[in-house]
Amino acid sequence: MLLVLTGCGKESGREAVHMYMWGGDENINKYIDQTVAPYVLKEYDIELKRVPMETNDLMSKLQNEKSVGRKKGSIDLIWINGAAFKQGKENDLFSGDLVSKLDNAQRFEQVLLETDSGESIDGLEIPWGKTSFAFQVNLNTVQQPPLDIDNLTEWIENNPGRFTYPDAADFTGNGFIRELIYALNPNQLNGDPTVEQRLKAYAYLKKVKSFLWREGKDYPKTLQQLDQMYASGDIDFTMGFNERRALPFIENGTFHESTRTFALNGQAITNAHYLTIPFNSPNKDRALTVIEALTNYPMQSEKLKSDVWGDGTVLALDQLTEQQQQELTTITSTGDHYLNEWENQRDFSAEMIQLIEKEWRDYVVRP
Amino acid sequence: MKQFLLYSYIAMLFYSTYLFVTKKMDFSFILEDPSFGTAIYYTVFITIIIITLNILLGVITGWHLAKQEGLWLDVFVLLPLVIPVIAVMGGLQLGLLWMDIPDHILGVLLIHLLVTLPFSIQIFRSRFVELEEEIPSIVRLFKGSNITLWVFIYFPLLSGSLFAVILLTTVISLSQYAITAYIGGGLIPTITTLLFPYLQSSNFYIVHTAVFLLITIIGAFAVLVKAIILILKKVVTSLL
Amino acid sequence: MSYAHKLGRGIVFSIGAISLFAVVLLLIDMIRLMELIKPMPSGQSYIEPLSRLIWSALLAVVATVFSIISGIWIVRGFYLQRSFKRTIDRLSIAFYFPHLIVALYVLAVANFLYQLIDFYHPLFGFLEILLAYWVKEVPFVVFYLTVTYTSLDLQSRRLIQGFGGSKWQQFYHVEWVAIQGQVAEIFLILFAFILTAYEIPALIGSSVYPLLGPTIIEYYYSIDLSERFIMDVILLAVTSMFVLLTISLFAWTSRLRHLNGKGSRTI
């Protein structure tokens, strides 16, 4: 027993690289465990271990470790988004400029290296994937899917109880309101919305409230609950970041085959998600090698496959070889899955996202 | 109540078999998880240690409290139950960091003990209060040793409480997702930390599978414990 | 005092002390945060979490009282019929299910019912949580009170009956006197637990007022450090309140025991 207590499962010699990331999606988990881990083991002789943990929790863990001055932490690599990035940057939780250490920073879409949710990146994190906010609709029940806001309103009013969105405390529910702010203020937004622009969205949500599922008196707590309701046919729409999210679900039978994806008003909030190394990672060099592997063509194209994860690539097309470009086009082709095309829109700042959650509860939910 | 639960479990079993045969349900998501082996190992390890400590410490403390009363004793036993678990967890997380043993199984064991031990103490205490106070002196009168007292008298008398303590401890320990994940820093995977994210999956069948597995584990464990205690009791009484 | 007694006492004090110590660490965390946060959170930012605290406290009180009343009623019912031992054993099995699974079941049943009656009211979210806690906590109350009831002296009950006392008087003078200390103890345990528990309100409930459990996690692990500070303050306040409540409860019951002579304190 003493052996167990002191050993704690850590073999000396070659320590594994611990990658901490949100773990609620079996496709993403499988991609890391069954595609990436064997790949880095084979190519670089690095053992990669995935540790499931919510982003906020691991940021708080790093914050604690920073404050007591723990030099050798347990986290080597984290998957991160805008809000957490801002906190980490302000409190010095990252290990410094990573972009300059990479072999070839030119391969990325350069705009992704500039800002993350309005916060300048300064090389502290490296883009891993890119997704757009999109809606999924079941064509079996909705013959003429409403692709713009006016048609959607009309549809909601004609089909009471068949549409809803997750609580704004949920990542996706909040994204829906941001999407709505874009749709209701066409060509007016540059950066964060003003109070008037936000109020338009809240007024709209209040107007359609009584036509929503449970008459807008209750909202699904999480995107997963919304997805389950969609899958069982209680409602006709679901939504989420990642325009390809429906494809693996159709493949494994969770969603109906007649599920199609569209962007409201041809506008989609697009945000990238990133990888970075904490200030006290015990394996910084090898973690960087893993980042290198994750952002190189083989792993990026694998990730894009709809039966794997379906997450967008961060590589710039013009930096790829002719053959790779062709391969990507075949992989990205989704047949008739998309109902329309869209323009990418910038996401709001982390503070704005928090503010929207509070305002939504005050203006929309509590009358 | 028991019948109702049994029937609903049987219904669930049929439904699960149906899903399994139609290939809607499969266990690949959990079986293919690379930390599956470690998770089983840690779950068994933590459960065994926690049960052992709960019985040992619970019996001694319960016996003590049945004989002695005091305002501060009562207050201190109840504190771990009354102070919000998250407050204790937050503080403990910092404390373990300062002592330089974060993400360690010791912390996980400590917090699991903290949330289970008060219940075990109360269960044993109430049983000891119930028992005749004269038992030890009677045993002494017949020149019985302490071993006779505990093995042949107290063990059969306490077996009901023992079953309750073991099962309750296991269930509480198995349902602690948050504290296991945070105190263990994600490095101490258990069946619970592995299954919990799937209880909120988009795929209803995966949710169903996760619930089914958890219930089956607990049910199988309950039957096992009951059988072991029954056999031990038989053995002890046959020795008399 | 024998060695074993000393050990028992040591264990009791250790578990209490560790819990208290953890809370003291939280206080240190709070002081540390004060240096990190540039503008301290204004009084206004406490309103939302406090209103959730009050809402949760309300729910916790209702759920607790409800569970205790049904628990007492069940124990008495089965006790007076003299067949209670086996029934209690059967009941106690619900006790052995994790809260999360109970929540999932309630969620499934509730969704089914709403579709059946085709109606929803925001109050239903409240009822869902109430139901989940009720199912989960009644066996706990029964379990806790069983011992007292087995050792209760029923003769005095018949005496009151003989003098023409009403059913309520029988209950009040014989049973309530014996169980009031314990009921207060159960109330405290359940109230403290339901107020801050995470699993059930994370899955069910309404969007209008999210309950305290998920709020604690949301604030404590927030990317905004001032929210963590707010939650530290609230957690410390709640903790001190509970510690004080516990002390006064036992001060009261020990006085009670003193008044009743030898007293029938069990559990």
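Here the chain labels run A, B and C in written order, and each chain numbers its own residues starting at 1.
Just so we're on the same page, a contact is a pair of C-beta atoms (placed from the backbone, for glycine too) under 8 Å apart; a residue touches a chain by one contact, two chains touch by 3 or more.
The shown structure was predicted, so the numbers you read here are calculated from the model rather than taken from an experiment.
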Pair of chains joined by more contacts [C-beta pairs], A-B or A-C: A-B
Reference subunit B; chain at largest CA-centroid distance: A
Chain centre separation (subunit B, subunit C; CA means) in Å: 20
Distance from subunit C to subunit A - Cα centre to Cα centre, in angstrom: 38
Mean-CA-position distance for subunit B and subunit A (Å): 37
Two or more partner chains touched - positions in subunit C: 203, 220
Multi-partner residues of subunit B (each touching 2 or more other chains): 94, 200, 207
Junction residues of subunit A - those touching two or more other chains: 57
Interfacial residue positions of subunit A with respect to subunit B in the complex: 1, 4-5, 8-9, 18, 20, 23-26, 29-30, 33-34, 37, 49-53, 57-58, 61, 64-65, 68, 70, 74, 222-225, 227-228, 231-232, 249, 252-254
In the complex, subunit C residues that touch subunit A: 32, 36, 48, 114-115, 120-122, 124-125, 202-203, 205-208, 210, 218, 220-225, 228
Residues of subunit A defined as touching subunit C within the complex: 54, 56-57, 59-60, 63, 67, 83-84, 86-87, 91, 167, 169, 214-215, 217-219, 221, 234, 350, 354, 358, 361, 365-366
Subunit C - residues contacting subunit B, complex: 4-5, 7-9, 11-13, 15-26, 28-29, 90-101, 104, 143-144, 147, 150-151, 185, 188-189, 192-193, 195-196, 198-199, 203, 216-217, 220, 232, 235-236, 238-239, 242-243, 245-247, 250-251, 253-254, 257, 265-267
Of all residues in subunit B, those that touch subunit C in their complex: 1-3, 5, 57, 60-61, 63-65, 67-69, 71, 73-92, 94-95, 110, 113-114, 117-118, 121-122, 125-127, 129-130, 164, 167-168, 171, 174-175, 177-178, 196, 199-200, 207, 211, 214-215, 218, 222
